[in-house]
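Following are the structures in question.
First subunit A sits with subunit B, and in the next complex the same chain sits with subunit C.
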Partner chain A sequence: MDKHREAFKDEAYELLSELETSLLELEDAPEDIEIVGRVFRAMHTIKGSGAMFGFDDIAAFTHEIETVFDLVRNGEISVTKELIDLTLSARDHIRTMLDASDGGEATNEVMAGEIMTSLKKLIPGSEEKKEETEGPAAPADLIDEDDSSPTGLPSPDTQGGNITYRIRFRPSRDIFKKGTNPVLLLDELRRTGKCKVVAQTDAIPLLKDFDPEACYTYWDVILTTRQGINAIKDIFIFVEDDSELSINIIDDGGRLDNAAGYKRLGEILIERGDLIHEDLQKVLGSQKPIGEMLVDAGVIDTGKVQSALIEQEHVSDVRESRRKAESLSSIRVSSGKLDSLVDLVGELVTVQSRLSRTAAYQNDPELLSIAEVVERLTCELRDNTMSIRMLPIGTTFSKFRRLVRTLSNELGKEVVMTTEGAETELDKTVIERLNDPLVHLIRNSIDHGIELPGVREASGKPGHGTVHLSAVHSGANVLIRIEDDGSGLDAKAIKAMALERGLVSHDLEMTEKEVFALIFVPGFSTVKNVTGVSGRGVGMDVVKRGIEALRGSIDINSKKGAGTTITLKLPLTLAIIDGLLVKVAEEFFVLPLSIVEGCVELSREDVARAHGRHVANVRGEPVPYICLKEHFMINSGTPGIEQIVITEVDGSRVGFVVDDVIGEHQTVIKSLGSFYKDVEGVSGATIMGDGRVALILDAPKLLQAVEQEEAGIYSKNAKLNP
Partner chain B sequence: MELQVEQSGDIERLTFSGELTIQHSDKLRVSLMRTLDNVNHVFINLENVTSVDLSCLQLLCSACHSSQKLNKLLTITDKRPEIFKKAIEDAGYSRHIVCASTTNKSCLWIENGN
Partner chain C sequence: MSVAAMIETTQYLSFTLDDEVFALDISKVREVMDFTTVTKVPGTPEFMRGVINLRGSVVPVVDLRLKFGMSKAEKTVNTCIIIAEIPLDGDTTVIGALADSVQEVFELKTDQMEPPPRIGKRLDTDFIKGMGKCDEQFIIILDIDRVFSSGELTVVHESGRGMLL
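Now for the complex of A and B:
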């Protein structure tokens, strides 16, 4: 049972997240009935499952909100800001109730009561509404209880899922004379979904009494469709006045399922009114199939039995298909298990690398063949495992709508959040760890970037500001941009503050980008008034550290008065990368293959021709290079011909000089541990097939370190002495 | 609708061609009643019909019931045209079980069941 309760809670948290997104969308599109339906369904599911797994308090609380949204669906209540505010608060309360069931913070019952009272006031005719408009309510014992449906079944018209209906259509005898062909109505029903039609012929008289122009046939139809009951009734709209039409839901897309499968034949016939219970009992003593017994006993017509059998088969099929579809489409796996799987795949990749190396060393054809197959399978397993961990970033984006809404209200600003590329996928861990940095950046954009409506209008901008979040793939990275059309960064003010704090010297020439980069210095803030939202200068350095911990980088572009764009560059995955293994003396290094453009030789003559400058001529173009041996102070002789690995770093070509290029390497990334956390230019390590360790180079950081060294401010502490 | 009648002893074969629709259903009814009065076994050949509607399906069903009542046999020949099969399917007349009133376990609406 505990497992089921946990599953319910997981589902409920997801539904609450969806509910929040839907509510914020509904605020922008209050007339959109599809969104209202989504809100309703989320609450309906939380209520239903909550009651099933013993969360009675959650079920009862959610029921009240569901009731309000049922009225919204029926057009009896309009969507207002007040309704959205209250429902968001109710959503938060449900979340607290879920947390409290785990021993989290206790729920605030007073607040819950206030939410309920306020919600009920929105219901036309409710005692709370009357009390609001007419004064005190009648005594509690005179107030009617909420009489909404205990099952809370949604109207199929807005349901969206497949519903199975049992329809009996008995047209008037003179339907032919009116020029209507009932078979065409059946055809129209067939077009709405999966349909089985059984004609009932028991009313057809003998030839002597037969009127050729009369319709004696009537029909039982079992229909599975997404259409609502009204759409089905519409098919019969021109004949309904003189026909008998009954439509019943016999399967509502999952909620009515029971463990024992669908009803028995006798139950269906009794439910339809085609058989009485006594007749059923009379024939049940025999060993024959029930349908045959009933027909033999003459208590029912064949058509009725056939129709009931078809209903039984049809609904069982629908349920079986649904069960298969549900079991095939997805399964819920804990993220812990997924992390273990990735770790194991990482170990497997390392062992596979060792196997390939041993096979190559022994040069045994059979072993080589096995090693090749293992390599191929490991590669496929690695890609599949990595793809399981990929999630669309849209889920994170949608969370920020609430943040933007809350901050805008708090600061008296009007801010619209737009998104792009929500479907862009990133590793689960990257997405999880991206949340806090993005919260900081959005807070900063709204608090410091976007101006108050009056200020914006005075400078010719629209009163409402925009924060645009976008995500796009760029090679092995994803670029996430946070753009605002606010006041932009004031480079002069930032530099002045940096001078005041002694962070830079007066005579230092700085580009605009370098000035902007100062906002990442711990404790740096140009804001004079600290607000509850930001301004304490504790955000941006944390953001930078967070992004760098993800092996990402952060870039700022800003124009005073026009707005700021912050670009986060993040790797697709943190676990395994394709690398290029290189060797310097006896040390091995890995460069991410995604940045490698190619390799060229560097001879002693080439070095001499450059007159000591670290620049090589690569196909007629000068390319600066970094000599890894020099940089990491590795003492060894230099071979006559070295190799330059040409890479693209931040849009520029940079070479890395090594002794040997070994080749491609499946690189399982291992962190270096806290002792090496301050080592710049190295993002991690990997274990090679022979058990030795290779350092994974962080090319942009290496380049930055060398540039700083050349500028004379590079700290020698950062160097690694092997 | 065209009707050709062939009699051989106690068996009569009715061959219909053209449209078997409501416009012709009275003529069809009269033919069937007459034949059931005359013989004990009626064969209906629908191989050449070009169209069949619900009124005629009802009529054939009625003829089947009537034949059972008279303890006679009414069957449709095996060569059923597609148009007839489709009319049965569209009108929901297909059956897997014979009628309760059937004494000889035959039914017009079960393929090969007559």
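Now for the complex of A and C:
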């Protein structure tokens, strides 16, 4: 039972976030009946399964909101900002209730009451009138009870529970005299689901015998609906006694499906009793289509055949769409299982590289071909496993809509959030860990960046500010941009504040980018007043740490008065990368292949020609290089010819000098653990084919370290020779 | 055997560094493995020997001789790595300790353990839980958690950075 409750909660949390998204969309398009339907369905599912698993309080509370949205759906009340506000807080309340069932903080009953009262006020008229509106709404409720969308068409995701009925309705001749219009009954049927009606006219007499007040027509209806048979009988409840009504289930949502399509025409007719088996056999001799033959043979009239044909078509339609829905279906897997799958694939990759190495060593053609196949399969398996973990970033983006809305209300600013590239996929872990940094960046943009509407208009900008979130793939990285058209960063103010705090010295020349980078220093804030939103100088530190933990980098661009753009560069995945294995003395290192541009040789003569400067001539361009052996203080002889691995780091080219380039290496990234957490220049380790450990180099960090080192030397020199 | 007696007896694993015998609480030891290739992490002090591959996970290795100020020893057939689990920053971290040889597992009652001597030792008293005696030989019982405590590691990090820059 507990397992089911857990499953319900998982589902409910998902539905709640869907609900939030739908509500925010609804605010932008209040007339869109499709979105209202989505809101309604989400709440209805929470209510239904909540009650089933013993979350009665949630079910009861949700029911109340659902009532209001029923009225919205029927067009009795319109979507207002107030309604969205209330529903959003109601959504939050349901969430708290869910959390509370886990032993989380207790729910606030008073708040729940307030939400309820305010919601009821939205219902036209007073409390008593509400009773009235609910009265007539009851029959509508009956029809829509099972989630069918307002148009009556079952939505694809609810197709599973659909049942197809064959209904033959033959009203009594004097039905008109009793004041019943059979067409209205058929209309009511149409509202319950996907419906095809064929009028049977064979009983209509010749004009001379025709009584205009009698009903000669009868109808065959093929109906696909989620309603039970009793609900259908209820529609005919007032005419049932003197009408001929037969309802048969011809397709019950998959359980009766057989491999071959639907029944043949003849079988349908026999089953209906319109045709006897012998007649069918007689006619089956000729070559024409069976329907035509039957009509020609005079055993049956056109109307009947047409009706049967429609049944055939309708049922195959229903089955076809169900098959489509089934093939698109997905399964829910706990993320723990996915994580262990990734771990296993990681180990498989390690073993595979060992196999390839052994095969190459033994030089046995058969073993080599096996190793090659294993390598190919492992590669595919790796890519597939990684793609399972990929999620579109859009889910995170939509969460921020809510944040932007709340914040701008709180601060009295008008902010519009636009997004781009919501379908960009990123590793699940990256997305999860990206959330906090993004929250801080967006809060900053709205609180510090975007000005109050008055200020904006005074400086000739539109009254409402824009925060633009975008995500785009760039090689093995994803670039996420947060752009605002606010006041921008004030480089002077930042530097002044940094001087005041003693973070930089007076005589230090700094580029604009270096100044902007100061905002990531813990405790740094240019804001005089700490607000509830930001200003304590904690946020940007969180951002920097969060992004660095993801092996990403941050870039700030800002123009005073025009806005700020912050670009986050993140790796696609955290677990496995393509690397270039290099050797320095006896040690092996891995450089991420994504930053490698090429390799060139570095001979002793080249070094001598450069007069000790660490700059190499790469195809006519000077490229500075870092000698890893010197930098890591590894003592060993230098081979006659060294290799420079040319990489692109932060937009510029840097070479890394190594003894030998071994080749491409599938690198399963392992953490060095907390013991080595502060070691700079190394971002992790990997296990090579022979079981040894190779370190993964962090090129940007290495470059930074060397830059700082050299800056230190120069400043010392400057002091010595004034 | 009475319950009280069981509580009072603790098992220790003894090992040697140079000629001295040390011991650590066996409940901290996960396994003992033969010496294998250690990959040095650049920019770290010498006593942090580097990392090894322990069935697919990367485990740091500390040379206890160097940590305790003894001279570096050449690897012999007896050289081995004691894999221990220690708490570090609230997490359990697996760490390898390089020892010249591993001797035996022995039991020691609480009352057989003497407090560390106040003078005449080459080690920081903080690391020592007590002195035990086994077969007429003194054994220094280490508090392995303290040896790798975060205070010690901070020193490690600072010196590491110092070398890098």
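The definition used in the following text is that the second predicted complex is superposed on the first by the 511 of 722 C-alpha atoms of A that agree within 3 Å, B and C clash if a C-alpha of one lies under 4 Å from a C-alpha of the other, contacts with A are read in each partner's own complex, and residues count from 1 in each chain.
Throughout what follows, a contact is a pair of C-beta atoms (placed from the backbone, for glycine too) under 8 Å apart; a residue touches a chain by one contact, two chains touch by 3 or more.
The structure displayed is predicted, hence computed values, not measured ones.
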Inset, instruction - Could you tell me if A:Ala685 is touching subunit B, subunit C, both of them or neither one (first, second, both, neither)? - result: second
Inset, instruction - Pick one for A:Gly298: touches subunit B only (first), subunit C only (second), both, or neither. - result: first
Inset, instruction - Check the residue A:Pro212 against both partner chains and state whether it touches subunit B (first), subunit C (second), both, or neither. - result: first
Inset, instruction - Figure out whether A:Ile204 sits in contact with subunit B (first) or subunit C (second), or with both, or with neither. - result: first
Inset, instruction - Would you check which partner chain A:Leu186 touches, where first means subunit B only, second means subunit C only, and both and neither mean what they say? - result: first
Inset, instruction - Using the superposition on chain A described above, determine whether A:Phe675 touches subunit B (first), subunit C (second), both, or neither. - result: second
Inset, instruction - Would you check which partner chain A:Val658 touches, where first means subunit B only, second means subunit C only, and both and neither mean what they say? - result: neither
Inset, instruction - Indicate the residue numbers of subunit A shared between its subunit B interface and its subunit C interface, in ascending order. - result: none
Inset, instruction - Enumerate the contact residues on subunit A facing subunit C in the complex. - result: 346-347, 350, 587-588, 631-634, 670-682, 685, 687, 691-695, 705, 708-709, 712
Legend entry - Contact set on subunit B toward subunit A in their complex: 22, 25-26, 28-29, 32-33, 36, 53-55, 57-59, 61-63, 65-66, 69, 90-93, 95-100
Inset, instruction - Could you pull out which subunit C residues touch subunit A in their complex? - result: 36-37, 39-44, 48, 50-53, 56-60, 88-89, 91, 93-95, 148, 153, 156-157, 160-161, 163-165
Inset, instruction - Over in the complex, which subunit A residues touch subunit B? Could you list them? - result: 176, 181-183, 186-187, 197-199, 201, 204-208, 210, 212-213, 215-217, 219, 221, 291-292, 295-296, 298, 300-303, 305-306, 309
